[in-house]
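In this document, chain identifiers A, B, C, D and E correspond to the written order of the chains, with residue numbering beginning at 1 in each.
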Amino acid sequence: MFSTFANPHRFLALSKWLMPLFAVLGAIIVATGWAWAFFFVPEELYQGATAKIMYIHVPAAMVSLAAYASMAVCSLLFLTLKHSIADVAAKSAAPVAAALSFICLVTGSLWGRPTWGTYWVWDARLTSMLFQLFLILGYMALRSAFQREQDAARAGAILCLVGAVNLPIIKFSVEWWNTLHQPAGFITLGGSSYAPEFYWPLWYNLIGIGLVFGALMMAAMRAEIFNRQYEAKLARMNRSAA
Amino acid sequence: MMRNGVAAIFRRELSLAWAGGSGLFLPAAFFAGTIFLAPLGIGPEPRLLAASAPGLIFVALCLASLTTLERIFQADLEVGALDHHRLSGLSMELATLAKVAAHWLVSGLPIALLTPVAAVMMRAETVTLQSILPVFLGSITIFLWGGIGASLTAGLRRSGPLVALLILPLFVPVVIFGAEELNHVLTGQGFGAGLGLLAANSLAALAISPFAMSLALKLE
Amino acid sequence: MYFIATHRELQFVLGRGGKIRVSENHSSFVPILTIDSLTAVRGYNLLFQGLNFKLQSGQFAALRGPNGTGKTTLLRMIAGFIEAETGTIEKVEEYRERGPFYLGHDHGLRASETPLSHLTDWADIHYSPRSDIPDILERVGLTLRQHVPAYSLSAGQKKRVALARALITPRLLWLLDEPASALDTAGQALLCELMKEHLDEGGAILAAIHDDLELTPDLVLDLGAFA
Amino acid sequence: MMRNGVAAIFRRELSLAWAGGSGLFLPAAFFAGTIFLAPLGIGPEPRLLAASAPGLIFVALCLASLTTLERIFQADLEVGALDHHRLSGLSMELATLAKVAAHWLVSGLPIALLTPVAAVMMRAETVTLQSILPVFLGSITIFLWGGIGASLTAGLRRSGPLVALLILPLFVPVVIFGAEELNHVLTGQGFGAGLGLLAANSLAALAISPFAMSLALKLE
Amino acid sequence: MYFIATHRELQFVLGRGGKIRVSENHSSFVPILTIDSLTAVRGYNLLFQGLNFKLQSGQFAALRGPNGTGKTTLLRMIAGFIEAETGTIEKVEEYRERGPFYLGHDHGLRASETPLSHLTDWADIHYSPRSDIPDILERVGLTLRQHVPAYSLSAGQKKRVALARALITPRLLWLLDEPASALDTAGQALLCELMKEHLDEGGAILAAIHDDLELTPDLVLDLGAFA
């Protein structure tokens, strides 16, 4: 399975139809999912209509965390196996992950205003998400500062992995903080504590955002591969011209 | 045998740090300067100052470490000295560790030792020598993570605050646990649960950082 | 002479393989450096391709070519700082797994280092005795300036410190990048003398040079065919 | 006529600051990073955070400015570009001012514009766009004083935190007046008496700094 | 020839006044540089004392001497960077009160500058037209590398950018510190050509050199009497 993706040509062939499929499916699911959430799901007992922000906020949060995790896995694969497609994947996931983190932060603070009376509190969840956004921005800045793609790849992978080592520590610091943020209840080891009328639409939206993420990431990967091929071609032309 | 050459790198870095204008008292002075500026901005109210002391001490430590660390590898790289280290046959892991250790000794340790003074200036309740330990452990971690940032940006041959941006997020756990622990000590509660975490964090940094640094410096 | 120039079939107009001229006054014993179909690319430019040559104990190869043809790149590839695009570089095993001696465009001195402190540290780092340092400083003519920090040294004095490093650690292969620049006439004579001694002791030298040295090279490797 | 050449220096510095990895968002990110670290150390208590916000914002501004400024003159000096400026016939006063202005534009201004965001994160009571003005004025002064420190250390050919040490005392009035003024704004009292002092301070810095910088750079 | 070497009475063993040899193939018009009993001290060392000479329009003076005798120091004194201990330096008035053209050991390029951006800024700073830049880049052979940042340029390419600066701004006096170093044969020929043109246009050149250039100097100022 991995070797399929390690080959750029096979990846390009596969993603050629997978990418639009994900995009279309994702768009449909997100659109219907929001419609479902906004018009058909009953209002939450205490928070009323504001809780509907959950259907953007939670999927964005979860997918962005998964996106960072996938960047870390790809970085590890790149450093150990030297498959450049793993690097392309990590690089392409970064802006999408940053955007999702940003959406999570913005929706979270907008949600925080009515429920907690403030846009921002220094709580472990919120802080760790901000931390992740900084890390991804740093990753992108570091990469863009290198002239050679190989160097950028190596440096970026190191940073991404080092950052990943810190993420669990941040996550566990929840226990030392008095936290305002809702504890995990949606997907936990002991099953979900959510009522079914909130549980299923959330799942549906999660899948939708996940598909959109997949489509965007594949599009970015394709662009990156094409760009690298183009640059290689340009290099060859340069050689023969000089 | 290996020890010898690495020790020489350590000594060289130490004397350069000394001669290069970042001698013993300077990062400490930078730290002291921050601790001196902050109350001016925050205002003289003792309770407010005491409450923000642990956090400020750790933030000042992070920022003071950045001012020195940024240049460790870059200075060597610019004049071509890094090339020679790479050809010396010494393990780059140990060589980079020796460099960071020397800088920590010159810049990090004095800051840790200054903690009680800073705490007094920030009007902390109970100032004991115990307050040194959290900052001591924290400074080790901060210098090791900082070394990674410095090595990553050294290869860029570009200066600027990129290094700061990259490593500030890595400082987060140290700042959280360290400030909490320091708060425990400064409010007369002795050591808390965070000390073990701080130490574990230092050990993790010690295990990871040399490899990350030597890998980063091999970028062309 | 031991040397094969393979002019490969190339797709590119530029790639014609390193042109190598050979003069015949050498005494060859051990192969110290063997380079096989080496290709170097920097940015979008192919610098050289299909480069082959062998350097033996006692041989001095001059690396020539116009500015920007890849002399520094080749030296840094041999030192191990840059990865080759394709091809292999085989080096003799140096004592204690060290790399070759490399003298680059940069002098390698930090601003506040003095010649003495720099050479002392150098000796320690390379497990060489410190006791030779006074003689070496004398030899490169820096005894009177040994305590002056690098930012006060003249260009030639810094270059002499860089040269002195070679005397502290014995290495078989010397890679020199424009070793004569900044040196006065006496300094250039000293350089040739040191190179001569090194060759006589069985070492080998690859040096990028623009102007001829007093020492005649055994081989001339001209990267200029690409210009 | 003079304007032309000085404008060219300004433009050069601007594009170098951009290309050199200290692009628009980086010093701002350093500032944001400090504002992000501090509450982690101080703890999440809103009143405490709000009370220390103005002070912290100004300290963070000072420290962010140091990270960029330190390298302005040193980079030019190391490669010999400063020699050429001195021979260009331009007034060194205007040339150094142009350099500092370019760096302020890239690093100082974004920080001032970020103030409202920082205030929200620090849980300030009343966040309005007015809060930008004290930091705006303060950042001008801080960059000008910082330029003096940078030029002094560049002339000394030493890196390290010496520059920080030299200029921190100069930052004192800015931090005091600036934080007080910002506190006024953030507690909903509008502008206070300090604004005039801040502006006067900026003007004084503008009058003194170019001469001090050009003099310091002439040290051989 | 216009030149007086005053060998002063000296307290120091070292100080014996600059030894100056003069060759006679010049065409002198205007005195561009007049140096009168100049003394240079660096640290605790007297470098030279009682130095006198005059450089006229159209003349090329070679500054020679072993490493560390004060060539760079003298050039930087004339440029105005270092104050002389005693003595006077009279320079011709340059256009718009600029200093002379100075080419030092350092190349003057920041790591992320490209040849094009550097020369464009240079032209703007000196009120020269930008329109000549493409021709100048062509002349120094950097047209193909004009967009490459300095950290990717080879040593010779950086030197060529430094040379190109002289073409953008017309100045009467050129002070060159080892201008030939890092330049290949073609680059050295170009250098001599540029120097020749400058002299023909009535300029004057003082250049510190270790190896002879193709261009024969009108005077040779040898600081080496102190070595």
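By definition in this document, contacts are C-beta pairs under 8 Å (C-beta built on N, C-alpha and C of every residue); 3 or more make two chains touch, one makes a residue touch a chain.
Since the model is a prediction, treat every value here as computed from it, not as a measurement.
Engineer: Based on mean C-alpha positions, I'd like to know which chain lies farthest from chain E.
Structural biologist: A
Engineer: Specify the chain most distant from chain C by Cα centroid.
Structural biologist: A
Engineer: Using mean C-alpha positions as chain centres, tell me how far chain C is from chain D in Å, no decimals.
Structural biologist: The mean C-alpha positions of chain C and chain D differ by 46 Å.
Engineer: With chain centres taken as the means of their Cα atoms, state the distance from chain B to chain D in Å.
Structural biologist: 24
Engineer: Find the geometric centre of each of chain A and chain B from their Cα atoms only, then give the gap between the two centres in Å, rounded to an integer.
Structural biologist: Each chain reduced to its C-alpha mean, chain A and chain B end up 32 Å apart.
Engineer: Could you give the separation in Å between the centres of chain B and chain C, each centre being the mean of its C-alpha atoms?
Structural biologist: Roughly 38 Å separates the two chain centres.
Engineer: Which chain A residues touch at least two other chains?
Structural biologist: If we look for residues of chain A contacting two or more partner chains, we find 127, 131, 134, 137, 141, 145, 147, 242.
Engineer: List, in ascending order, every residue of chain C touching at least 2 other chains.
Structural biologist: Each of 43, 105, 111-112 in chain C touches at least two other chains.
Engineer: Taking each residue of chain B in turn, which ones touch at least two of the other chains?
Structural biologist: Only 20-21, 75, 78, 153, 156, 158, 162, 165, 168-169, 172, 176, 180, 220 qualify.
Engineer: Help me check something: in the complex, which residues belonging to chain D touch chain E?
Structural biologist: Listed in rising order, the residues of chain D that touch chain E are 1, 4-5, 7-9, 11-12, 15-16, 19-20, 75-76, 78-81, 83-90, 220.
Engineer: Using the touch rule from the top, collect the residues of chain A that touch chain B in their complex.
Structural biologist: Against chain B, chain A makes touches at 127, 131, 134-135, 137-138, 141-142, 145-146, 148, 151, 154-155, 158-159, 162-163, 165-166, 169-170, 173, 176.
Engineer: What part of chain E is in contact with chain C in the complex they form?
Structural biologist: Where chain E meets chain C, its residues are 42-43, 65-68, 71-72, 105, 141, 145, 148, 152-157, 159-160, 178, 181-188, 210-211.
Engineer: Residue numbers of chain A touching chain D in their complex, please.
Structural biologist: 118-123, 127, 130-131, 134, 137, 141, 145, 177-178
Engineer: Touching residues of chain E toward chain D in the complex: what are they?
Structural biologist: Within the complex, chain E contacts chain D at residues 76, 79-83, 94, 96-102, 104-113, 117, 121-122, 124-127, 149, 165.
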